[in-house]
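You will see two complexes here that share chain A, one where it goes with chain B and one where it goes with chain C.
Entry: the complex of A and B
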């Protein structure tokens, strides 16, 4: 099944921050959405999610920081139960165990509130929550920016395996071309509210055609980071 | 458990400090307390010998610390002593005064809560709209109006002009209405402001959009995430609100000539009746410490991060 969203756009206080855009994602496809800060990546992500949800498609979202996904006054168990109920699913302990095992957070104490967990574990918990409904598309907005590179790489590996097994599509929003290049087969480059380049990862890295893509490639850091 | 123990310890320190501070203040207040007591008792010119006798009787001759300890000791056992003017036990009079004051304070608080919650909810429906601005203006005026003036206005309208309600005394339950309203209107003004800003701030929490994208319904979001966050500032302010309430009670009781702690305290201060004044202050301090203790314990339930550092 191919996911198609057309006519995505967004404006804030009279200024267009996302020009009309169409996005097509094939089943199980991994796409990286890269661009400088303020180029409209997150806006496109949000518009895509809202549009697909309106179509009735199953999409899940992982925000940049766990602070944007978890209520500090509620326990982890509460969040989990709430996410299951929001999807209309019956409570299923085995689903939780499977996801927790896949993301290596079985040891987390669910009675604790988010700040009782480390940030890395919080972030993985948020990802596990996003995967509860086995969505067709997972949109991750800078998922590793709050983590150190080693933890980030480990998390992306775990996620990679889980997504391949279920053929879930992934839209990885990041300003880190190095991270995206290692994880996705297709790259979309954004600049000033438009997708300016959309090409398979190796092609784009070899011959970046637009100014935005060239400047991203020039600043990539290949060797230093494990992810 | 450790948290509760440290909270209790803190409460004890606060109470001991209050006892010492009140005693010191009264001890060093200008004028001779023995003379004041003698005057209050005999209402005429008193010879020096009588003043000295009163001084010995009241234990003022022994010096500061012995006098302090001989006063504090019985209080720890629940004995507030005798009035230095009338010689009668303080405690029964205090109980009578409280039996008038607590219904007033509680109904004032109830009116305040009953008015402020709907008003805050209406105001935050459209932030910045005319209803919101109206509520904010109303609350600001309510905070600014002194209680003695508001009380007099209510008396003028309901007792003098309309003749619906009694203005003075405390004989029937209807006597409670005007004083409780005076108190309740002021309480509701400050509570509305806090509730309103609490709700607006809770609605702006950064995690809410993610919950909506997760498919959590608005009703669920309001009940389980926005309401607890909005409640935190309200709980915090409740302890302060109590101070406000006690202060207001004294004022309102005097305006409406209602027997109670206010009249009791004012009368005791005018008569320089040490034991009575100290009894009221200690009682107020005890009330404060108890409410703040409860609030701290409530934090442990709502949000243990608050007060985590020093607990």
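Entry: the complex of A and C
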């Protein structure tokens, strides 16, 4: 199944922050949406989620900040139960244990409210909630920004296996081309509210055609070492 | 020279730092890497004298560190400034605190080095981008010519392109000014690219320490190897044919 959203656009205070955009994502495809801060990546992600949900598609979303996903007045156990119930899933402790162990939050006290957990643990909890069901598309907005590298790498590896098993599509929104290039096969580059380049990852890395893509490519890692 | 000699820091009955020793010479950069909770920020606080040592001593040129007036660059640049003041007033605070004369030539030279237009300093923190705010934070840290500058995750709030650009500006200024830089970061790629030495902090102890290039090619501990592999997995470091 191919996911298609057309005519996505957004304006803020009379200024267009997302020019009319169409997005097509094939089943199981992994796409990186990359660009500098303020280029419109998260806005496109939100517009895409709204459009697809209106069409009845199942879309899981990991927002950039766990604050956007967690109610400070509710316990972590409440959030987990609510997510399972929203997806119509039976309570399954083994599912929770597996995800929590993989994301290294098994020691988290579910009786506590979000502010009783560290930011990194909150972010991993939100990622675990997104992995409960089998959505058509998983949208992750800067999923590693609150995590330290060892946990982030482990989470991305877990995600790889999860996506492969379920053929769930991924839209990875990030300013970090190095992260995206290591994880996805297709890259969309955003600048000033537009997708300015859309190409297979190796092609874009080899021959970036736009200034935005060239800048990202030139800064995609800290060091390149010989094999 | 900064000398950290066998320090420990206790919180309750737990040592959050244990038997930490290293030296850092002027003009050199030491990056301290490690996972969240390893004690990286506590180490910065210890060098600044903000937490009590349960053991050991920290000195700059054999005197207490406070005498050299070390500077700190914080992780979240906008919250590091008083929102009610212009950035110019905040930048000049270290000079006022030290009762030092302002030097317009130096201010202009630092602004040039950090690619900051002087009129930006007349704005308030909320009126500049996060990348500009961090460069102004570095300007404030350097304005009083400190011999020692501590950087606590200085790039983590910036996007990938701005991170690399800011790192280069810091390194260029360090070459001109000759300050010693102690950088705490969880980004091994940044540490490998810009530090002379890397110390890996794990559960409050230095697991390994050595030249940055040696660490990238052959970490000595299993944990160091894990950190390096994570940097490759996240694209911070890359293998090329």
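What we mean here is this: the second predicted complex is superposed on the first by the 199 of 227 C-alpha atoms of A that agree within 3 Å, B and C clash if a C-alpha of one lies under 4 Å from a C-alpha of the other, contacts with A are read in each partner's own complex, and residues count from 1 in each chain.
In the analysis below, a residue touches a chain if its C-beta (ideal position, glycine included) is under 8 Å from a C-beta of that chain, and two chains touch if they have at least 3 such contacts.
Keep in mind it's a predicted model, so treat the numbers as computed, not measured.
Looking at the shared chain after the overlay, A:82 reaches chain B, while chain C stays out of its contact range. Shared-chain residue A:53: touches chain B; no touch with chain C. In the superposed model, A:181 makes contact with chain C only, not with chain B.
By the touch criterion stated above, A:151 is placed in contact with chain C alone, chain B being left untouched.
In the superposition on chain A, the chain among chain B and chain C reaching more residues of chain A is C. In the superposed pair of complexes, A:202 makes contact with neither chain B nor chain C.
Contact with chain B, but none with chain C, is seen for A:71 once the two complexes are overlaid on the shared chain. Judged by the document's definition of touching, no chain A residue lies at the interface with chain B and also at the interface with chain C.
Those residues of chain B that touch chain A in the complex are listed here as 205-207, 209-211, 213-217, 220, 224-225, 228-229, 302-305. For chain C in complex with chain A, the residues that touch the partner chain are 35-37, 129-131, 156, 158-165, 186-190, 192-193, 216-217, 226-227, 229-241.
Residues 49-50, 53, 60-61, 63, 67-74, 78, 82-83, 86-87, 113, 115, 129-130 of chain A are the ones that touch chain B when the two sit in their complex. Residues 36-38, 118, 120, 144-145, 148-154, 156-157, 175-183, 215-216, 219-227 of chain A are the ones touching chain C in the complex.
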